[in-house]
Amino acid sequence: MMRFLLIAAAVIAIYFLPAGLKNYGIYIVTLWSVYVIAGMGLNLTVGYAGQISLGQAAFWGIGAYTTAIALKAGLPFLAALPLAALLCFGVGLLLGFPALRVQHHYLAFATLGFNILVYLVLRNEDWLTGGSFGINNIAEPTLLGWRISRPLDFFQFTWIATVAMGVLMALLLRSPWGRAFAALRDNPIRAESVGIDTTFYTLLAFAIGAAYAGVAGAFFACLVGFIEPAPFGVNTSLSMLLMVIAGGSGRFFGPAIGAMIVVLIPEWLRFAAEWYLAIFGVMIVVMMVWLPGGILSLPERLRGAK
Amino acid sequence: MTALLDVQAMQKAYGAIRAVDGVSFSVASGEILGVIGPNGSGKTTLFNAILGQVLPSAGSVAFEGHDVTGSKPLHLARRGIGRTFQSLQVFGKLSVRDNLIAAGQEFGTGKFARLFAAPEAGLGPRAEEIIALFRIGHVAHLPAGSLSYGQQKLVDIAMAFMSRPRLVLLDEPCAGVNPALIDQLTELLRRLNREAGTTFIVIEHNMDFVMNLCSRVICMAQGRILAEGPPAEVQANRAVLEAYLGA
Amino acid sequence: MTDFLQLIVSGTATGACYALAALGFTLLWQASGTINFALGEMVMLPAFIMLFFIGPAGLPLPLAFAATLVVSLIILGAGFKRLVVDPMIRHGVIPLVIATLGLSIALKQTVRIVYSAQVYTFPSIFSETLLSLGGAKLSVSDVGTVVIAGGLVLALQAFLNGTLTGRAMQAVAQNRDAAVVLGINAERMVLYAFLVNAGLAATTALLVTPVYLAKFDMGDTLGLKAFYAAIIGGFNNSRGALLGGILVGVLENLVGAYISPGYKEGVALLLFLGVILFKPEGLLGKAEERKV
């Protein structure tokens, strides 16, 4: 109960907090919120179901482009959003098939390869994606006739969606499916022997994770108003994985913490000017050496050290 | 009356090694069959070939009159065959209680119904029953991976019973378990056999356990059946003694 | 037709370099289960170290290479193992993936700051003459690269199969516990694998940088191609890496010239996805059956 109240307070505080920020600050917080959605999906695939995915940014891109193209075609945002999610769900299902055959490094590179393939399509198929010029002037979303154009409004809209996606994820993880995902992660052979259809759950872990990235992509497209292939490359997938691991993979609030690391720390490190990415890289190495379970494993780690 | 499980001319070869080399036997409903034999004689491989964990090179398996040769472990589980493994195989990060529910939740209703089912899928009472039966109540809330070896072994065995299987295959259930627990386990299996009518095939090196529990014993050596019969008879068999002494 | 031959030869040369890097990657994986995402940077860094020895330090190329080799073995071989891999390996694959990723960012960005994002030319160990072969013009550097890289791969294979140390390294890769029981110093064999990886990376730098040119992000594509080559050819076979590398190099050249330059980078990828789906053990690899 205490826990529930704390979470509710945090959710409300974050809803109102950015009101005091300038537009750039609001943009950063909105970006964080978008990353949290994509990260929750990846956390399902990686942290709960025990798969490896280095292709989350590809789904993020598919979601963003689908939304941009649908909005250009005159569809309302509330129609484009499920379209993006559904398309990503379908493609994610397909990406699950290699995972049935291979594991570990093979799976890492299969998903990474998939990401590059999607990137190449985004860059080369001008007729659909605008090639390296991308798609600009993406419409602001409209909800029941209300046009969301102020940055703060758009943040609050994104945040409500993030919380809703979080609630759905929590329900999924509490359901028997959540237990089946964990069983798949902990011991696939044992899982099969007690009747758990590991094929089905592997595919679904990828597909649901991808659908979350698709939703994140839809919000991202509207946030930036202009999309090009660059943000959807392998580097972003790696950041997203970093986000999940650094926050604490297989922990519900891991992606929210991890997204802060990925979005906010580079901002804070700006004082270091050109050195900031190098410092960031070293921080990642140090953190993985010292705290491989992620930030949320810190309390256990401290307790264990005593 | 047809046998519950019927294995014919089972073979499994790994390259030149014939781990199982033409094994035939059948088990009647309600029996407790023991499988003994020196290490490397092919007992585990026989289980794996029966249970679809590895594809048999030749031979057939029938369960309740249906041909299930090469069926996937998943389908055999759904048909009512449970198993335990020689090495520990629990879901390490899940609690003991969740391990049990995970082992029972995929039977019955369809997958999509389960997405909307209550978190415990209605299996709370069944889990409590099994927890009481195996006397693991004091650790039920702990992650299974954090328990001692013997406790994990009990959880591993308990999981096989969640779905009320008609046949359970146990691979060395007593290995690494302390003597007091072995007596408890003997009692438990006998009771499940008597009250729920569960049929067992048990691989075990502990001869007291086998003599106490089994109604019939098969001894394997080098992938084949060396002797078969009532426990006392097999134990007294010269060929069996020689196989164990490494003749 | 002569174009075609030239494309094949230069593709083979590039591919042979992919193969060298790929080989280091498979060695590390086999010896210690390390997936090294900083592989490309482990080629990029020696290139810049060599530039330093040639430029400010004024050494001739062969000496600069020798000095670079020593530095690489110490930093990218032993140092990498001690400081990054050893503390993390027991936590499984993913933390190490992330850490090597962080390492790759750090190395890339440090070089970018020290040397700027500029492109540097790099001296070749080969002369710039062209060989004439039945009307086709082949560059000495392409042919030389193939000879050196191919020779190294074969020499390494001979070492792994023909010497006691090489066999011990393979034994550790296959079954560490059994190797330890047999009295093999597993820790030392794993260290050798890291050293060989560093040596291969430095050599790759020597061979590719004249063509790729030295730039802080030159490792990005190189690392990726090397991963693909390793998986396409087969992980448990050093000739597999050579085959995979050359296949990728040649096909890229052909697709770039005859089909679409835009999808040149996609070739390795499609080949790779095909292999993963239909023959995950790689073209020359042996399937391993999983044990319960």
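We call the chains A, B and C, going by the order they appear; numbering starts again at 1 in every chain.
Throughout what follows, contacts are C-beta pairs under 8 Å (C-beta built on N, C-alpha and C of every residue); 3 or more make two chains touch, one makes a residue touch a chain.
Only a predicted model underlies this, so the values are computations on that prediction, with no experimental measurement involved.
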Based on Cα centres, what is the most central chain?
A
What pair of chains is linked by the largest number of C-beta pairs in contact?
A-C
On a C-alpha centroid basis, what's the spacing between subunit A and subunit B, in Å?
42
In whole angstrom, what separates the CA-based centres of subunit B and subunit C?
48
How far is the middle of subunit A from the middle of subunit C, if each middle is the mean of its Cα atoms, in Å?
32
Among subunit B residues, those touching two or more other chains are 53, 85
Where subunit A touches two or more other chains at once, the residues are 189
Return the residues of subunit C touching two or more other chains; collapse runs of consecutive numbers into ranges.
292
What part of subunit A is in contact with subunit B in the complex they form?
172, 174-177, 179-180, 182-183, 185-187, 189-198, 200, 250
Across the complex, what residues on subunit B touch subunit A?
51, 53, 72-74, 77-78, 82-83, 85, 89-94, 98, 101-107, 111, 114-117, 119, 121, 145, 159-160, 162-163
For a test of understanding, state which residues of subunit A touch subunit C in their complex under the given definition.
46, 52, 97-98, 101-102, 104-106, 108-110, 112-114, 116-117, 120, 123-124, 189, 238, 241-242, 245-246, 249, 274-275, 277-285, 287-289, 292-293
Where on subunit C does subunit A make contact in their complex?
29, 35, 37, 83-84, 87-88, 91, 93-99, 101-110, 112-113, 224, 227-228, 231, 260, 262-263, 265-266, 269-270, 272-273, 276-277, 280, 292
